[in-house]
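Chain IDs A, B, C and D follow the sequence of writing; residue 1 opens each chain.
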Amino acid sequence: MIVVMKQSHTDEDIEKVKEKAIQQGHEPLVINGVERSVVAVSGKVNDDHRAVMKLLPNVSRVIPVGKPYKLASKNYKKKNSIIQIQNLTIGGDEIAIIAGPDSAETQEQTIETAMAAKDAGSNGLRGGAFKPRTSPYSFQGLGEDGLKMLKEASEITSLPLFSEIMDAQHLSMMEKYVDVLQIGARNMQNFKLLEAVGESELPVLLKRGMSATLDELLLASEYILSRGNENVMLCERGIRTYETATRNTFDINAIPFLKQNSHLPVIADPSHATGDNTLVEPVALAAIAAGADGLLIEIHPRPEEALCDGPQALLPSELETLISKASIVAKAVGRSL
Amino acid sequence: MIVVMKQSHTDEDIEKVKEKAIQQGHEPLVINGVERSVVAVSGKVNDDHRAVMKLLPNVSRVIPVGKPYKLASKNYKKKNSIIQIQNLTIGGDEIAIIAGPDSAETQEQTIETAMAAKDAGSNGLRGGAFKPRTSPYSFQGLGEDGLKMLKEASEITSLPLFSEIMDAQHLSMMEKYVDVLQIGARNMQNFKLLEAVGESELPVLLKRGMSATLDELLLASEYILSRGNENVMLCERGIRTYETATRNTFDINAIPFLKQNSHLPVIADPSHATGDNTLVEPVALAAIAAGADGLLIEIHPRPEEALCDGPQALLPSELETLISKASIVAKAVGRSL
Amino acid sequence: MIVVMKQSHTDEDIEKVKEKAIQQGHEPLVINGVERSVVAVSGKVNDDHRAVMKLLPNVSRVIPVGKPYKLASKNYKKKNSIIQIQNLTIGGDEIAIIAGPDSAETQEQTIETAMAAKDAGSNGLRGGAFKPRTSPYSFQGLGEDGLKMLKEASEITSLPLFSEIMDAQHLSMMEKYVDVLQIGARNMQNFKLLEAVGESELPVLLKRGMSATLDELLLASEYILSRGNENVMLCERGIRTYETATRNTFDINAIPFLKQNSHLPVIADPSHATGDNTLVEPVALAAIAAGADGLLIEIHPRPEEALCDGPQALLPSELETLISKASIVAKAVGRSL
Amino acid sequence: MIVVMKQSHTDEDIEKVKEKAIQQGHEPLVINGVERSVVAVSGKVNDDHRAVMKLLPNVSRVIPVGKPYKLASKNYKKKNSIIQIQNLTIGGDEIAIIAGPDSAETQEQTIETAMAAKDAGSNGLRGGAFKPRTSPYSFQGLGEDGLKMLKEASEITSLPLFSEIMDAQHLSMMEKYVDVLQIGARNMQNFKLLEAVGESELPVLLKRGMSATLDELLLASEYILSRGNENVMLCERGIRTYETATRNTFDINAIPFLKQNSHLPVIADPSHATGDNTLVEPVALAAIAAGADGLLIEIHPRPEEALCDGPQALLPSELETLISKASIVAKAVGRSL
């Protein structure tokens, strides 16, 4: 860390910073600049060390030098992580297409949608049984009944199932049905839930929180990785900004940034990032052009009958078109689909 | 809801909107404007009804008319809710000052800080035992041991204890120690946790999420209220914006807005909203001037020894000064302290 | 507009809304819903009409129905606008690549960079002579001398020149040198400047303000269009959000949204949107995949010698690679390059 | 500046950083930390120096150490600046109340409103003749005719006049009528306009841009100060965030932050910061409690007849109430009114 002193500091103030650094087990070095004096402190510095330093007399601010995440970083592991889920490989050359309904609603709709996803060319199945909804008066998902429907649809189509877990207490029950545990945006900093899935054998798809920085997303993944679960996928699903023309703002910069700074696979969710089915295809193609390892896409055979999030669902035929364009874009960036 | 048609719509498109409205149990009325046709749909309309409507052919957008929250609204209950916690009354004329350490660290520090809070004029005690931390490598709180320390400090000072609950499974354990269950910003949309505290007999202090809108905060309170727990306090603790000069941006507008639209008490947390002890006093006074019912303030007898969040802690003597100024501001707005 | 009444309204309040609507030359229609009464007001309603309505007794809020922009909208002109600048066609099938230095620094660097842009496959030249800089102590551009250098570089390469105008008083001088007048993000709502370029014969490239909504961008274009200049290009260059990992957040959703709602061409500026040369290529490809009509890209033969914005400049060889990948992506979305 | 190297750097990379620093006239010092090496570079470092450093091989990032503004800083001038405008003193013990109409509409309304402002206890008059409007179809102000009305109202009431300048070419004309030149939020980074008012003898009220950081606001003031005009007032008028419940988010933290870091007076504009007359009083009182030197408040004798921004205007009687409460709050923080 770099401890920047106020211009009004005394020699004694500098001494206090040095002492505290040594007490923390670090090595201080004083630099007297033209405008400012700073103390460079080397060692394994964490947030709490910096907070303490900030409080010493005439310290102006304290600047972190290293990155706060370790296990998720490219420095820790130079080769990209590849996650194998049955026949689906995520993080390699091939782009994954994980499609399906927003939620399981009926057995029939679930199976019909899963088969349509498969026919259109998907290699993974998404679908929710537990739905985090802003209002307690909205549809909350079918719970375990929904998981049963999704499991059957997954077996019929041989597509591995991605589904959201909302509660650490559901873990062993969820493990009976799903192939990938999804952490939703609202739970990205539900640390008890992150710790729980960190103990699971199943891969985890971790969605970026609505207003999480990329550093915070990587630190959230670190909660899972540090418990021993190495199979974490990051998911960009749009962030909250001042713009209201679309439901969220898809942060396309995030994709190459995450790929450069982490070895974990990066999945894009253009359905939630736009909230509008007419924008899903262009944003999906953009995500692949920017380097995403896969797409999470909502489809529905009859969106106007969906109980939830219909406006962002593609028709199966639209998914098919998207996939055929996506395979050309994938080639342009050295990938296949 | 108001269903706005595209300019290119046909009569048949309008018919479909009308049919769907009737099928949803609502009453449609078509208005042919100069530039646009709209269908006004009356009835008990929810998010899911609107989502479906959005999907019909040539519908441009669907605008909600009513407010999404009910039980939290001033329309539902015109008189301000007053919450009694032992000797502490929140939401009436008197302003509550809930002060204490960020976290319980040692028995000694906890009791010393609680006594200092009391001496300075506080009427509630805050303190964390479970700490949601962005990094898994930061101090995570002492858990149940911390609660025991806080409970003892609360008993010695006769100040009711406010402490954060991070996990629904901790509920019955927490109930043994604390007087008010606090939901942290990161868990504002942890709906399973909201449902759990909705079943508790204890009052709940619900912090606004880092990027939650005021409607979302009120809807989160609705999860608790609708389970039967009427003793909910809302807490403004700063929101995330593009500004980096301060840790968060305290949304002062939120205080009068919430007081006008809801009957629930509103508490301000200037410590987290600024992240800087030199800004705590002015922002605390501002919150009272704007109509807040109470303050949540971090103090520490020796902030530079705090294990966490030291930079935002006031000294006990600074809290005393703050309280004496606050009592004059309170009078200016017809309150006491 | 839809005027939503408070639940406490009286019949008299409704009468006042109706009277005011009629007085404004509009047609009111009262709808008594289950929870709320609303008055739907048809006619050519503007912001000021709505503001007045908001003030009548027991009006809760006023919701706009139509879109605020006219001349820029797809409804006004269904066919995409195509802008011809010498040999460069923008808005048709072909993707435009407008590359060049951030700023003219020396005659030699300017010509060398322009030739490199041309060799790499660009069909337009960008370069600044007037630089809006956050600090008065940063390099401010060479002014008219810079324009002379850029003009010569443009003539040597036969690439039309895009350059920023910062002051309405510079208009006739700028017109001697440049082929396209660029309005920078900081001046998107400098309405006097918009009006001035609205009177020019030259095409205008209008950059989105740092925190402008898409509606505001389109309304800014409306200032130019309504003065008679039909040759306006919109430019997405990243918006300001809470995320600090990159200089700005490129709003990829904006590209298809603008293409769907407006007939004006949309150019992407991945250099400013990322502020980091390692992110320029992936974001540039993403923009084309999402439907952009062109790219604005900073290059520099020796970025470490640039007087300004070097970190986001590509090397000419990197631009060449980008263009070859971009041409495959363009094909995937039915365009050429 | 602190130059942070990538973990993969070589000794040669460090040499290049040192050479470049020396070439820039600065002094480099290498620090080999446990996880990272950094080069601390002392001297008068600006943005452009940092940008160049960022481009050297294996440089990870470059961190500024000093503050980018000089003349506006408390370090440059420790005593608060006090600005005298006729009988009105801004920045001293007394709080200034600058009230008036959003815009001059008619001679009668302007004089009536100014007299009401005076009667309610204001000591400055605000009013616009040039209105920056998002839409070209909204009321744009009366121009010089409006200034004449405002000037007359100012003379009748002996209240000094604050009015917005939108164009550098209007400067000498404006100087005939107004006592303080206001720069609006949309023009905070219209650098040509800042330079122009920097040459004027009149004091300047500089509004914070809609999404400007506090550093950027201070740098904008630096454009004016560095041209020789020392009479600059800063104005917090709300920033743009994701929250839509209010028109803007009033950044209350900004007030104490600016007072701590700059000697310039700070004025609050609760009218634009909330956009809602029911929120103006609480936010105005909050601003004073937080340390503001004055308030800019819109009033209108009949808001529902205002041509622009009526919903945020107070009635004269409401202003009177506000002022009487404000004077008690002022006392609580050691000020008078």
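The rule is simple: contacts are C-beta pairs under 8 Å (C-beta built on N, C-alpha and C of every residue); 3 or more make two chains touch, one makes a residue touch a chain.
All figures in this text were calculated on a predicted structure; none of them were measured in a lab.
S.K.: Return the chain whose centre of C-alpha atoms lies at maximal distance from the corresponding centre of subunit A.
M.R.: If we average the C-alpha coordinates per chain, D ends up farthest from subunit A.
S.K.: Quick check: more C-beta contact pairs in C-D or B-C?
M.R.: C-D is joined by more C-beta pairs in contact.
S.K.: Indicate the whole-number Å distance between the mean C-alpha point of subunit C and the mean C-alpha point of subunit D.
M.R.: Roughly 26 Å, centre to centre.
S.K.: Please compute the C-alpha centroid of subunit A, do the same for subunit C, then give the distance between them in whole Å.
M.R.: Each chain's C-alpha centroid was found; their separation is 30 Å.
S.K.: When the centre of a chain is set as the mean of its C-alpha atoms, what distance in Å lies between subunit B and subunit C?
M.R.: That gives a centre separation of 38 Å.
S.K.: Could you list which residues of subunit A touch at least two other chains?
M.R.: Within subunit A, residues 211, 240-242, 244 contact more than one other chain.
S.K.: Quick one: in the complex, what on subunit D touches subunit C?
M.R.: Touching subunit C: residues 20, 46-48, 51-52, 54-56, 68-69, 132-139, 166-169, 186-187, 189-192, 210-211, 216, 219, 222-223, 226, 240, 303-311 of subunit D.
S.K.: Note which residues of subunit D are touching subunit B in the complex, please.
M.R.: 211, 213-215, 238-239, 241-246, 248-257, 260, 273-274, 278-279, 282-283, 285-291, 325-326, 328-329, 331-333
S.K.: List the residues on subunit A that touch subunit D in their complex, please.
M.R.: Contact set of subunit A toward subunit D: 2, 4, 7, 27, 29, 31-36, 38, 40, 42-44, 63, 65-66, 75, 211, 240-242, 244.
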